[in-house]
Amino acid sequence: MNFKRFYKYGSPPNYFRLCLKYENWFTVPGCLLIIIGCYGGLFLAPPDYQMGDAFRIIYFHVPSAYLSMSAYAYMALAALVGIVWRSNVAFSVAKSIAPFGASFTFLALVTGMLWGKPMWGTAWVWDARLTSEFILLLLYLGYILLHASIREQKKADRASSVLAIVGVINLPIIHYSVVWWNTLHQASTISKLSSPSIAGEMLWPLLVMIFGYGLFFWGVICRSGATELLKREKRSNWIKEYVEEYQS
Amino acid sequence: MMEVLSMGEYGFFVWSSFLISIFVLLINYLCAHREFISELNKVKLNK
Amino acid sequence: MNRNFLQLDSLELYREDHLIFTDISFQIESGDHMVIRGVNGSGKTSLIRTICGLTQADKGKVLWNGASIDESLFNYYEQLSYLGHKNGLIPELTLDENLDYGIGQIDKDGQDQVIDGFRLGDLRESLIQNLSNGESRKTALSRVVSSKKPLWVLDEPYANLDSNSINYLNNRIGDHISTGGIVITSTNRDDSITTKTTELLLGS
Amino acid sequence: MNIYLKTFVREIKVSMKRWSDILTGVIMFVLVAIIFPLTVGSDQMFLIKIIGPVMLLSALLASLISMQNIFKPDFLNGSLEQLALSHHSLNGLILMKILSYWATSSLPLVVVSIFIASTYYVTGLSLGVVVATVLLSSTTLVNISALAAALTLSVRYPGALMTLILFPLSLPILIFGSKAIEYSIVGIDSSGPFYFLTGMMLLSFSLGPIATAFAIRISLD
C-alpha cells in the first residue's frame, strides 16, 4: 500500500481542488446515462408479459435501492478511515453521503410502494426487501440525527462514525433476519422485482440506470463533500486562498 | 402518444415514480451546490 | 523516584471556530510545580484536559518522558493522577468506599494520614451526598494526594477550601515535588500558592 | 482484589443504592406486558400466540427507559473520566459496568418474566424457553443500549435519539427471540433461533465493550 499517495490526495486542499475539478466528469456522464436509461426503460424496453408496463418502475426502484445499500457501505468505510487516520476529508465524505443515501432509501421505498400498489393491490406489503430498506432508512436517520444533536463538529464526526461502523456490521444481520422472518410468514411471496431471467433488451436500460445513478452520486458527493470540508477547515490558509482566487 | 403515456393503465404509477426520482436527484444536486455557495459566503464574511 | 519529564509541543485547540489556545510549549520535570493562570474562560480546563489526554489537540503533542502520550496511553496513565472540576466521587457511597476504589496503587497508611490532615477523620462513614462542597473536594483531593503517582494534575484545587486545608494541600504539594514529583495546577487566584512555581499565563 | 472484579462489585453496590432505577425498568416491563391482555382480551389461544413478541417488546422498552442510567450519573459526577484515565484497559472496565448493569437491570426481568408468562397461560417446557429467551436476548440488548447511551452522553435530551439508534440494531434480536418462543409453543424445535441468539450474544460481548469504550472517550472529549 502506498500511503504517501493516500496522504497526498487525502490532504484537504488536494481533495478539495480535485473534487471541484472533476465533479463534472461524474455528473455530466451520470446525467447522460440516466437520460438514456430513462428513454430505454420507458419507451424502448418491451412490456413484461406478466406485469405489463408496471415493471418499468424497476428502472427507478432498483438503482436507488442498490445505491442506498452501497452508499451505506461507502459511508461506513469513510467513517472507518476517518476514525483511524483522523482525516477530516473522510469525515466530510461520510457526512455528505448520509443525507444523499437517506434520500435514495426514501426513493427506493416510495417507488417500491408505487410498484406494489398495482401489483399487490396495497402499497405496503411486509416484504423482506422493503422492510430492510425501511430499517436502512432508520439507520441513516440515526446517523444524521446523532450528528446534528452533538454540538461540536469533531465530536459529532467521531461519534456518528462509530454508529455508522456498528450499523454496517449489523446491516447484513438485520437483512438476513428480516429475510428469514419473511420467508416464514409468507411462503410464496411475489416480491421478486427483477425476475432472474430478464431479457437483454429489458436489462440494458437497467444497467445503464445503475451506472448513471452511481456516477451522479459520486458527482454530488464531490460537491457536498467539498462543502463539508469547507465547514471543517474554515480556519486554514488554503481555504482563504481559495476564496480569494474564487472572488477574482 | 396517449398510448405511450398511459402505459396500459399503469401510467400513473410509472410516471409518478419517474417524476419523483428525477425530483429527488435534482433536489440533491441543487442543495449540494447551494450549500456550497452559502458556506463559501460564510468564510468570506468571517475573513 | 525516577526523573520524569513532561513536554508540551506547540499545542493548539479550537472549539468550533473559537481559538482556545495556540502554540503552547513548555517542559517541566521532576521537582517542578507548574501553575496555569488565567481568568475564567481562558482555556485552563481545556489545557488541563489536553494534558491528560482527555481532549485531543488540533495541533501539537503531549510527550511524557519523550514519548507521545497517544502512543503509550496506559503507560502514561500509570503515572498520572488527575482531579478535574468534577470530583469523580459517587454520591451514594461513603467516603471510605469511594477512596477504596482508587484505580492504581494506594498507600493505605499514607491515605489515613491525608484524611486526618484534611480533617475528614470523622466523616469516613458518611455518604458523599451528605458532605458539603468543601468536604467532597477534600475527599477527592486526598485521593490524588495519597496516590503514589509522580504526576499530579489538579484543576482548580483550591476552590471551596478553607485556609487550613489550603495550607495542608500546599505542604503536601511541597513534599511531593521535593521527592521528585511533578505537579500541574490551574487557578485564577494569586494568593493560594506558596511553593516555588513556574507559571503559564493563559488568555493574555 | 482484581480491579475488574472490584469494579463489578462496586457497580452492583451502587446500583443497589439506586434501586429506584432498577424498579422503573421492572415496572415498565410489567406494565407493557399486562397492557395486552387488558386491551386485546384474555383469550387463551391469542395470548399464548403473542407471548413471544410481548416479552421482547417489554424487554426492549424496559431497557429503553433505564438505559440512560448506565453512564449518565457517572458522567455527571466525573467518575467516568476517572475511569477513562485509569491505566487498566477501559474496554475491560466498561465490560464490567455492562455486566453489572445487566445483572441489576435484566436479571430482575428474567425473574418477572416467569410470572408474566404464567399469566399468559404458558406452561411446562415453554415457560423455560421464555425465560431462556429473555435471558439471552437481554445480554445483547444491554450491549446495544450501552453503546447507544455512550454515543449520546453529551446530547442534552437523548431520549428519541437513543430509541432511533437502539431499534434497528436490536431488530434481529426481536425477530429471533419471538421466533424462539413461538416455535416452542407451537411445538417445533426452537434450537435454531437459540443458536442465533447465542451467536448475537457472543458478537455483542466481543465488540460491544470496545465500541462503547471508544464512544465514551469521544463523549468525554
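In order of appearance the chains are A, B, C and D, and numbering begins at 1 in each one.
Note that a residue touches a chain if its C-beta (ideal position, glycine included) is under 8 Å from a C-beta of that chain, and two chains touch if they have at least 3 such contacts.
Just so you know, these numbers come straight off a predicted model, no measurement behind them.
> Quick check for the class: compute each chain's Cα centroid; which one is farthest from the centroid of chain B?
C
> Higher C-beta contact count, A-B or A-C?
Top pair by contacting C-beta pairs is A-B.
> When you take the mean of every protein CA atom shown, which chain's own CA mean is nearest to it?
If we average C-alpha coordinates per chain, D lands closest to the whole-structure average.
> So what's the Cα centroid distance for chain A and chain B, whole Å?
Measuring from centre to centre gives 15 Å for this pair.
> For chain A and chain C, let me know how many angstrom lie between their CA-based centres, rounded off.
48
> List the centre-to-centre spacing of chain B and chain C in whole Å, with centres computed as mean CA coordinates.
Computed value for the inter-centroid distance: 56 Å.
> Please compute the C-alpha centroid of chain B, do the same for chain D, then give the distance between them in whole Å.
43
> Send over the residues of chain D in touch with two or more other chains.
Residues 221.
> Spell out, as numbers or ranges, the residues of chain B touching 2 or more other chains.
As it turns out, chain B has residues touching two or more other chains at 46.
> Return the residues of chain C touching two or more other chains; collapse runs of consecutive numbers into ranges.
17, 56
> So, with touch as defined above, which chain pairs make the list?
Listed by label, chains in contact pair as A-B, A-C, A-D, C-D.
> Where on chain A is chain C touching in the complex?
151-154, 234-235
> Where on chain A does chain B make contact in their complex?
27, 34, 38, 42-43, 47, 52-54, 56-57, 60-61, 64, 96, 99-100, 103-104, 106-107, 110-111, 114-115, 117-118, 216, 219-220, 223-224, 226-227, 230-231, 234, 239-240, 243, 246-247
> Which of the residues in chain B end up touching chain A in this complex?
Residues in contact with chain A: 4, 7-11, 13-14, 16-18, 20-21, 24-25, 27-29, 31-33, 35-36, 39-40, 42-44, 46-47.
> Provide the residue numbers of chain C that touch chain D in the complex, in ascending order.
Touching chain D: residues 52-56, 74-75, 77-78, 80, 82, 84-93, 97, 101, 103-104 of chain C.
> Can you list the residues on chain D that touch chain C in the complex?
Answer in residue numbers: 3, 6-7, 10, 13-14, 17-18, 74, 76-79, 81-89, 220-221.
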